[in-house]
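Submitted below is the structure of interest, expressed as structure tokens.
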Amino acid sequence: MPDFGFSIQSSQPIDLDKTYRAVYNFVKEKEPSIQRCIYCGACGATCTAANFSQMSLRKVNLLLLRGQIAEVRQLVEHCLLCGKCMLVCPRNVNTRKMILLIHQALKMPLS
Amino acid sequence: MKFDWFVIPFLAGLTFVFGFCCIKFYLWIQRLSRGEKALLKKHFFSPSLWVSIKEIFNESLLHRKIFRTNALLGYMHTSLAFGWFLLIVLGNIEVKFYSHYSVNPPYVPIFLNYFEPNTAPHFFGRGFRFLMDFLLLIILSGVALAYLKRFQPNRFGMRRTMQHQVLDKLAIISLWCIFPARLLAESFSAALYHNGSFLTNTVGKWLSFLPVDNLIYPAWWGYSIVLGIFFFSLPFSRYMHIPTEVLLIILRNAGIRSRYFNHPFQQVDIYACSRCGICIDACQLSTLGYATQPAYYLRSLRYKTQHNELTENCLLCGRCVEACPVGIFSTDIRSHERTLGHEMNSVHYNFSKNIPKQKNVEVLYFAGCMSHLVPGIKKAMTSILNQSGCSWSMLDEQETVCCGRPLLLAGQITAANQVIMHTRSLIERSHARILVTSCPICFKTFKENYRLNANVLHHSQFIKHLQDEQRIVTQRISAHVKYHDPCELGRGMNVYNEPREVLSHIAHLLPTNHEKNKSLCCGGSLGNIFIDVDSKLQIATNTLQQMDIRSADYLITACPLCQKTFSAVSPIPVKDIAQLVADNLLLANAENKNNYAMISENA
Amino acid sequence: MKNVGKQLIWQQYQKEIAEDHFFYVRSCIRQNFFPGAEATFLRILKDVLHKDVYDDPAHTTCTGIGYHTDIIPLETTMTVVARQFALMTEKGYKNFIPSCVTSFGLYLEILESWHNHPEVLNQIRKYLKEATGRTFELPENIVHASDIIYKFRREIASKAKYRLVNQQTGQPLRVVEHIGCHYAKMFPHKSVGGAEFPRVLSGIIEEWGGEVIDYPERRHCCGFGFRQYFIKANRGYTFSSVKKKFDSMHPYSPDLIVTNCPGCNVFLDKGQYVISEQEGIVYGANGYGIPVLTFEELAGLIVGFDPWDIGLQVHQVSVEPLLDKMGVWYEPEKKYRGKNNIPLGQPLQPTVLKTF
Amino acid sequence: MSKIAIIGGGIAGMEAAIRLSALNFEVHLIEKSFILGGHVKNWHMLFPDLSSATQLVEQQKNQLRDSVNILLGIEVIRASYTNNKYTLYFSDGSSNTFDAIILTTGFKLFPAQRKEEYGYSIYSNVITSAELEEYFQTDKPLYTKEHRIAERIAFIHCVGSRDDKVGNRYCSKVCCVTAVKQAMETARRNPGAEIYLFYMDLRMFDRQFEDLYFQAQTQYGIRFIRGRLSEVSEKPDSRLFLKFEDTLLGKPLRLTTDMLVLMVGMEPAENTGQLARLFNVPVGNDKFLLPKNLHQYRNLTNQPGIFLAGCVSGPKTIGETLTDARSAALEVYNYLNRN
């Protein structure tokens, strides 16, 4: 191949046609309250782990829905499970369980 | 030597139980670590063994703890256990009076009326027959109560009873049949030989219209068979608790505890559960319809059935442990099981390596994550600490840090250790002599997992000291308050009295139906990772109803999580103890600052 | 697909296209990369449609490339544009047709600026006068060269020798049309059909028997973007855009791509070579690429000009599969022969993309 | 007896007519089309209680007393004002004199083809919310134009609302909850279908609206994405390829669907401007008619004897429209009994 001095970047958009929803579905089946989220961001605002990381549960939930598993993996590893998010969530999402289930799903061969 | 073929079912059963228990106990003890074996050995050859024996007598036979739960329930258990025990002991003594027995096979005292139809003519002979009849009557009354309990558990103080499995049902039916079968056999014997006393003679007389000569031998067979069935089903049913509880008491008093999942002590715990169902009422999750109580959980562990949900669905409030008549540490087992296979995928906490240098202070205050959601606590503690005149600083003023216990409660040991290491270094940096925290969750972890040089106090303890030293002065108000013991502070750390003393200095402290170790959980517990927030609030509502808080002006608690949970559903204001104190602080003289050292030394 | 809605839209985007007497200005890129294309356009206007068109040898670049890469001040650009208009005025023409889409956009932009800021127009008149002594009138009608072909598409069709129909199957050829961004996205109302569903090329294709493919990335830029392509390290952006377009049109299996913009034609044609080398992907059938033609070349082919006279041999992607489908007669041995049969030499062969 | 003209025979016009005829006024209800009931007669179910729309319209029709003079197929062409009375000249050549006039001409649906890039009237599987609502009158599940069961359906909020590009900056108010309602109905008819709602903001402002939203999330698994549609294309199999920006993640997003439903907003009815000129009533920036003020005098105009009710003065829900019409009736009563 000739040396072009540049390369073609991979496509950036999220392709919902090919979205990988297995992790979300796994979590949803075991903890249906994940569906109640309205992405208000209260969880991220109060998050203890957000003091020293990019952690935001709102973002985790969105990324799960859009199948962006690599990013989910990076975010959830910051969680301290302290449960503050659960206390501020206006839709009463069982956030701690959600995080543990995500970890469980990420360990499974499907991802 | 007397023998008849009908003793075979009994004898085989007895041999089986004995053999099974010996092997099982041996295997358990063998799996103990060397240190634990040494502890056990030491326990056996020291006066502390007496404590175990006393406890075995009190609990395995007399069932004192069940008496405390409900007298009728206690009587039922005592009559069956202690009555049967006495029946066996007296039976063995009685045999001695029939001198031609040099060696007594175990079946002879059980079937004495068959082998020795004629009562010994002397006083002891008749006396023993009377005693044996009396004990049988007591036991039969216990059996009758057991029948009644099936149908009317409410009379025994139980709102919910255990749903049993087939094998347990077989065992319980055979147990219920044992003593009526004995009564029948002995009554037939009394009808023929007049060798009974007030009970068997009377029943024998009533039954004399039957062809007693033909029925007596089958009746002895029947008695032996039900005994045999019971013994054979015992190792596989809940009645395995009878022998196991003895071992449990000894191991527990020797200081052995379950340290990891599947530890031999845990196995003993599991087998020692009688599934009496007392924990079901104690557990607040049963009001939500969950069958997740230790009785079910331990059963599932014992028979190795699927129980992920049972492991997770527990508030870890410890009410079941307090209520358990056997004293099984079921919360420990759940905590240990949570560490298995549930470990988070990977954790990566980018804790800053450059921890800013803390100024040296006497008191380091750690509010805790949850207190940041209840800023009233932080504010109250600030004014109390300022008033106390000591030098202090707040560790998590700018950025909240976590104590690591939420991770521990979820079984995330590795992750928790990372957090603990970090937070510990933050605390040690300040060289404070006293670490005060507002959160019982943090408090428990600081005490148990941190190995800090500083003296760790919950703020209620700290305030108590300040009050005692008169470093803060509070006014009395006419309000009535009720105090809710947070699980982690009360049952978790045995801090019951300090908050009560602090409160009684300020307001009228009203008693509740659930004081101290009987206190209810607010439902907000971080221990439960299964139920959703709606269920938690339902528990909180139930708790408030049971505490009957409407008679008070304020509900006082000492945990930000309890306060947050209760506030969502409480009809009256919920306050932290620190808030009540801060609201009623009187300006004190700031002269005796130097006395402060005393607190840290005395505490 | 319903055409009702499109027709409603097209009704809103109609413009006046002059009938005759055109002043033609060339495109920097087109005359360098596809040198036959502009000659073919002039030949069609003169010989097929019998129109009066003037191709002034004195005209220059419009500076559009320099303008879009931020290296030429606006006043300079305006003055150069004013000089083009001066040439037109001097030769007595009023209808201005640029060959380049970027030039077209630039002329419109400048005319719009002058319309809103007459003082700038006066300033530019002064500059031009000072620099060259010339004066100028604004064109009465300014359209892109593809608009002319659109206007006369029926006339060309009536004189056509071939149609955009597969001779073997009788099915219409599946044609992708690509419109340069500066044609309609800047001033939709100065275009035929607007920016969302442009009509200028689709009208031509349908008139000549082809079937237009409406694929999702149809509106996407070819990626030239001036600033992107002219910095070597950024060229990846350009070819990512090209790849995105090809990935999107691939399921429709197009036979042909037609463009009205010189730059787009370069990147869609040469881009297939870059993608094949870097990613190993070829989009056309049998390992050949998808032929990319300019609208002039397509018109020339339709009216029966010799493919090698039009300049189709300088395309990266071989056009022979297309010629075979259309049934166009050509002499393969003459592909790389110039005037008087002089050999032009053979191009190097790509490693992945197959060529004739 | 005072005479009142009500121009527009939708639910607002009918409600005002019912109330005023009950007060013994002579009411003339003027409707341009040949059927009463306006837009609502085409609707299937009403949010949030999912009650029947036709039933509402039928009830109203039954309540219109004989004293109401219903003029169908008639438009007002000219008006004059003398001695506190309005004379209206009608399209059939007749004329009549009235003491008060209520304008209840309502709204028209945003013509979706004005959002060219969404492909309405170009791609066969792009439909409007109004078409979907009418389709719901049948019991059938949702089919594509190629008679395939729709397995993936996207709803696009704010088509023609909150969009300066089409000249409508205002929120049409009802589309958010309508989309949720229609998405749930679609989920009921096409079980297992993936349903996406693409919204800018979800404005669940009224009672029980949030409950519907909650139900849609938890019972029907409707997928809400805060995202803006940029353009639509058709795939070779005639499915629709949509390009969005996921505005929460800040990333471009792509999706192929079987059907696309455009939640078209409200615009003032076609003759609103003409009526405004006729009666000299001011028009707002949003081209809806302006009441005297937006608080106490929502039904009054700056012209004596001219009243407004319903969507002629801005988008309203059905509940709000009916309340507005009743309040207008009371204002007319007060006006006619002012001396």
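Letters are used for the chains, namely A, B, C and D, taken in the order the chains are written, and counting of residues starts over at 1 for each.
The rule we apply is simple: contacts are C-beta pairs under 8 Å (C-beta built on N, C-alpha and C of every residue); 3 or more make two chains touch, one makes a residue touch a chain.
Because the structure is predicted, anything quoted here is derived from the model rather than measured.
**Q** Tell me which chains count as touching both chain C and chain D.
**A** Intersection of chain C and chain D contact lists gives A.
**Q** I'd like the most central chain, judged by C-alpha centroids against the all-protein C-alpha centroid.
**A** Smallest centre-to-centre distance to the global C-alpha mean: chain A.
**Q** Out of A-D and A-C, which chain pair has the most contact pairs?
**A** If we tally the contacting C-beta pairs, A-D comes out ahead.
**Q** Taking each chain's centre as the mean of its CA atoms, which one is most distant from chain C?
**A** B
**Q** Could you state the distance in Å from the CA-based centre of chain A to that of chain B?
**A** Result: the chain centres lie 39 Å from each other.
**Q** Measuring centre to centre with CA averages, how many angstrom lie between chain A and chain C?
**A** Those two chain centres are 47 Å apart.
**Q** Nearest whole angstrom, what separates the Cα centre of chain B from the Cα centre of chain D?
**A** 65
**Q** Return all touching chain pairs.
**A** Chains touch in the following pairs: A-B, A-C, A-D, C-D.
**Q** What residues of chain C sit close enough to touch chain D in their complex?
**A** Checking each residue of chain C against chain D gives 1-6, 8-9, 194, 196-197, 214-219, 251-252.
**Q** Can you list the chain C residues touching chain A in their complex?
**A** Touch list, chain C to chain A: 232-237, 239-240, 243-244, 247, 274-275, 277-279, 351.
**Q** Spell out the part of chain B that touches chain A in their complex, as residue ranges.
**A** Per the stated touch rule, the residues are 312, 342-352, 369-370, 372-373, 399-402, 404, 406-407, 410, 412, 415, 419, 524, 526, 529-534, 561, 564.
**Q** Can you check the complex and tell me which residues of chain A touch chain C?
**A** By the definition above, chain A touches chain C via 1-2, 4-9, 11.
**Q** Any idea which chain D residues touch chain A in the complex?
**A** 196, 202, 214, 217-218, 221, 223-226, 243, 246, 248-249, 251-256
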